[in-house]
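Next, two complexes with chain A in common: one pairs it with chain B, the other with chain C.
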Partner chain A sequence: MRKQRQRDAVWKFLTYSFVIVMTLGMMVPLYWMMVAATLPQEEFLQFPPRLYPGTAFFDNLAVLHEETDFLISIWNSVFIAVVYTVLSVLLCSMAGFAFAKYEFRFKEPIFYTILATLILPIQLLVIPLFLMMSQIGWTDTFRAIIIPWLANPIGIFLMRQNMKSIPDALLESARMDGATEFQIFYRIALPAMRSSVAALAIILFLFQWDLFLYPLVILEDSANYTIPVALSGLEESRRVNFDQIMVASSLAIIPMAILFLILQKQFVSGILAGSLKE
Partner chain B sequence: MATNSESRGWTRSELWDRFRTIRRRITATLPALSREQVAYVLISPFFIIFGIFLLFPVVYTVYLSFFEYQGIGDGTLFFIDLGPIFVQVPEIADLQFIGFGNYSRMLGDGLFWQAMFNTTYILVIQVPIMIGLALALAIALNAAFLRAKGVFRTAIALPVSANIVAYSTIFVILFNETGFINYLLATIGVEPIEWLRSEFWARKTIVTAVTWRWTGYNMIILLAGLQTIPQQLYEAAEIDGANRWQKFRYVTLPQLRPVLLFVVVLSTIGTFKLFAEPYVITGGGPTNATITIVQYIYREAFVGSPNLGYASALTVVFVAIVSVISIAQIKLGGDE
Partner chain C sequence: MARINLSDLTKVYGTGGDSVVAVEEVSLSVTDGEFLVLVGPSGCGKSTTLRCIAGLEDVTEGRIQFGERDVTEYQASERDVAMVFQNYALYPHMTVRENIGFGLKLSTSLSSAEIHERVDDVAGTLGISELLSDKPKELSGGQQQRVALGRAIVREPEVFLMDEPLSNLDAKLRSDMRTELQELQEHLGVTTVYVTHDQTEAMAMGDRIAVMDGGILQQVGPPEEVYLDPANEFVADFIGSPSINLFTADVEGATITGPGGFAYELDDSTPLRDRKRVRVGIRPEDIRLVADGTNHADVAVVEPMGNENFCYMRLDDHELTARIAPEQRPEAGDRVAFSFEEGSLYLFDVDDGEALKTKTSEPTESAVEGVR
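Moving on, here comes the complex of A and B:
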């Protein structure tokens, strides 16, 4: 019995040590980013490095703003991701509702065609989309970044699965009360799907927020860059130093991290919903 | 908006009423649709965009892979002339048919094989480490005795929200020769390592970065899987005298199998698609030691002279491999 208790104590100790070490490991890069963002250039380069924050954050921010269009990129990214998310949620839930609650010809083949594209890696589309965008003159525009991804197969699949759970009797009684089909969609179906819509919105927002290869190919003018494209160019441009790049990284990461802390439940359900696609 | 409406003397509710009246009038003029027609109206915006920007490009990539790209098209593919309505669809690209030329070129292309090797190498090391860590963390966070679960879970999952390129730039300075990692090593008496300049260590840096970003993500999925395992199974195993390892081996693993399989497939595909991390952290170097397949496709298509036909052929092969991997993993893990 005593031996068992000792063994339990050792196990607990090991578990705690492991979890704490991993937690620290996850925090180190973020902490280091914030420290580096606050150091003036000469302190940044010294070895051994300074391990606690300095006071040069706003100086670095000013240099970053003067030398690059990075602050505009933040606005571009937010604008693109928000517009994309709203439109795509609407499109996906409309179509998902139709697939869940209506009968129409070719319903099954259309749905399975959409489903089959789920396994395709999106990099596949970059080359043809680049050619199409060049041909219709959409290169270097936000609509070229937003529109092609609006029809998101994960979105339609999620919304169809969840909208199936809306009781038919509810829709039927709304029809009896004289509601049109579209009113049924946005007065009954959409509000009933609030938590799925939130999860989908997070999936779509993060998808667009992290999109890199495609905007890298499509966007040319640095005033149109999204955050990932702008950041990837900072190092090569040699107009700013690493401490200023870390200011840029902080600006890209910290607001999203705060959003994650506030909306953790929705993030988690978004991740799990996205993972249900198999 | 608000100032505008006030200046005209409209109150908000009046505006709202007006909007409703207009809407009602518009609705009244619309023809009554049957339910099937409503369904078509509901799916058409999605399906039109899906067809133009997803389905067509997929087919077009395969088509393109049999051609050599000569430049952007200037001819007309077809036009529709209906008097007042004139629609002209331009030719997308100027192409020359070369049959399987692009595919046979791949066989003798050293850099393609190098990219395949690099990607596989990173994959084979990274995925098991990450899944192992994620599983261990999920089990630890699922343990009844652990306090402050929420804090640990949040901290470990936080990288999920990190922008791909932003976190990659952090790893560049962390693993710099005078960076924090070498400083840590120096404190325990290890010589500084050229993380980004040696072939061996550059790959390890990429592995570390990807693992940092995605471990928490996989942990969340595995944790949800663990929580669906019925507690009675563990109790029954305990009555049978099972120890910790046996409970893991005979209860947790079999019960978690589908979730685990899913996570492995997802991570394998994710790492196979690697692009941003090597692009930012190592630029594919040193001497192409970390160039990945997607990065090679990007270079062929968009850096220097655009070999879009060849890049399309590479893409077709890449997608075929991704599909085979996921089907094989599902087949292998599915039986029993």
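Moving on, here comes the complex of A and C:
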């Protein structure tokens, strides 16, 4: 009995230690980024590094603003990511719903073909997509960044798995109530899957937010740059401006953090609870 | 309100070698305002039949008519039917009011004020007025059940379909809701088809009951008729609780002899004509324990129910159940004599189970209890 308790305590200690180390491993770079954003360039490079915030944040921000269109880049990124997320969530949910709840010819082969496209890395698609976009005259436009990625295989897969958990009786009930197939999707399935939709929205937003190589190839005018593209510009022109990169990076995580805060409560609320008597 | 007519309804799932016949040539009429119960063991095709009537399944062959209207090819939403599902299928993200009003909103041109009023009326009828702004997850099983009913009633459909709506409730609530459902149906007068696997529920609720097995309709009739005059051995065995005692007996002239030295001579041996063996059925309430008799059995267990006792006996390796008076308390291991009236004897064909003789005597008081 006592031995068991000791073993439990040791196990608990090890678990917590592991979790704390992992958390620190992820938090330290983030913390360092934020501290560095408040330091002048020369202090940033000194050794041992300064580990507490300085006072140069607004100076760094002013320089960044003067030398680049970074605020515009943030706006571009937010605009692209928001439009992309809304459209792609809708498209992936509809596709997932169809794969989960309808019977049609070649359903399985089509689904597995979509899944198979996951093995293609983005880098492989950049050149063909660029050629297609330039042929239809879409280079240097936001739609070229948004549209090719709308049908996201991970999104479709995720929604199919989740939509499968919607009881058929719920959909049949709506059908008998006189709902059209689109109404069933839009008014019953989608709201019932709110937590999955929130998770999908974050995944898709993050995907678009982090997209670098493809927008780098497609976008030409710096006024159209997204954040990753603009950040890379800070490294290339003249010298590496660590202070500005850190300020820009700190700013760049704000929209993502806001989105997460808005949607996180959806993850935990069991929205399907109470619909069916188990 | 409408009369429902099923003619040669057949439903086959799959094609070719993998096909499964779920419902086979079911022909059935439900009269206007009638409460018909489809009953049978799981997998017997009762739910599929109901889903065909609802329009949730395509019909492979046969026709479905509501009154004069052939609705076979109609979509579910065009049939003017409402269905209560086994698990209620309430929309989880909507309040009770929205759940009940959803169908009206989509399928009628009523204004929101009119919908509001009708939802209020229905909620009043069902006693759930104070729950209208709650979400389904905040409700108890019984309340969810009422909401599901409300959703069906509010549309004032021609036909009500209910798929085991009480099976998720606890025993007490189930019997309360049973009565309430019957009263409600009587009050509304809507033609209702009700599916259940519980024969007690079927007997208690149905104006008529339709017994199904293996996708085939076995018998349709009022509960008493199905109980007393079953079409075949399956129906006799399925209807009645505790189940009818069944065993095979050899025929010699007018005498049948069965396991454990069972022997009985019939006054009227017409049903036995030209047969070597028959299946014998005796309802538990028709068996009497007597002081002196020719047939004997060994008592295995006696279960006191308060108003009666269930006496489980053995005829060799066959179990024999008797419903006996509460004051009769044989001990386990006792060898007792039993008897029964010839009029209460059932005989079935050994091969196809068809009834050769059913209960002909006036039902005794205990037999009527067995029905209810």
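One rule holds for everything that comes next: the second predicted complex is superposed on the first by the 209 of 278 C-alpha atoms of A that agree within 3 Å, B and C clash if a C-alpha of one lies under 4 Å from a C-alpha of the other, contacts with A are read in each partner's own complex, and residues count from 1 in each chain.
The working rule: contacts are C-beta pairs under 8 Å (C-beta built on N, C-alpha and C of every residue); 3 or more make two chains touch, one makes a residue touch a chain.
Keep in mind the model is a prediction, meaning the values are calculated, not measured.
Undergrad: Tell me the contact category for A:M176 with respect to chain B and chain C: first, second, both or neither.
TA: second
Undergrad: Pick one for A:T113: touches chain B only (first), chain C only (second), both, or neither.
TA: In the superposition, A:T113 touches chain B alone.
Undergrad: Should A:V217 be classified as contacting the first partner (chain B), the second (chain C), both, or neither?
TA: After superposing on A, A:V217 lies in contact with chain B but is clear of chain C.
Undergrad: Determine, under the contact definition given at the top, whether A:A81 touches first (chain B), second (chain C), both, or neither.
TA: neither
Undergrad: Scan A:P167 for contacts with chain B and chain C and give back first, second, both or neither.
TA: After superposition on chain A, A:P167 lies in contact with chain C alone.
Undergrad: Could you look at A:A192 and tell me whether it touches chain B, chain C, both or neither (first, second, both, neither)?
TA: second
Undergrad: Report the partner of chain A that touches more of its residues: chain B or chain C.
TA: B
Undergrad: Return first, second, both or neither, reflecting whether A:M26 touches chain B, chain C, both chains, or no partner chain.
TA: In the superposed model, A:M26 contacts chain B only, not chain C.
Undergrad: Across the two complexes, what residues of chain A are contacted by chain B and by chain C?
TA: Touching chain B and chain C on chain A: residues 271-272, 275, 278.
Undergrad: Could you please specify the touching residues of chain B with respect to chain A in the complex?
TA: The contact residues of chain B facing chain A are 27, 33, 35-36, 38-40, 42-43, 45-47, 49-50, 53-58, 60-61, 64, 72-73, 90, 92-93, 133, 136-137, 140-141, 143, 145-146, 152, 154-167, 169-174, 176, 178-180, 183, 186, 212, 215-217, 220-221, 224, 244, 262-263, 265-266, 269, 273, 275-276, 279-280, 294, 297-298, 301-302, 308, 311-312, 315, 318-319, 322-323, 326.
Undergrad: Write out the stretch or stretches of chain A touching chain B in their complex.
TA: 11-12, 15-16, 18-19, 22-23, 25-30, 32-33, 36, 45, 47-49, 91-92, 94-95, 97-99, 102-105, 107, 110, 113-114, 117, 119-121, 123-132, 134-135, 147-151, 153, 156, 180-182, 185, 206, 209-210, 212-213, 216-217, 227-229, 231-232, 234-235, 242, 245-246, 248-249, 252-253, 256-257, 259-261, 264, 267-268, 271-272, 275, 278
Undergrad: Would you tell me which residues of chain A are touching chain C in their complex?
TA: 167, 169-170, 172-179, 183, 188, 191-192, 194, 271-278
Undergrad: Okay, in this complex, where on chain C does chain A touch?
TA: It comes out as residues 54-56, 75-77, 81-83, 85-93, 102-103, 106-107, 135-139, 141, 144-145, 151, 155, 168.
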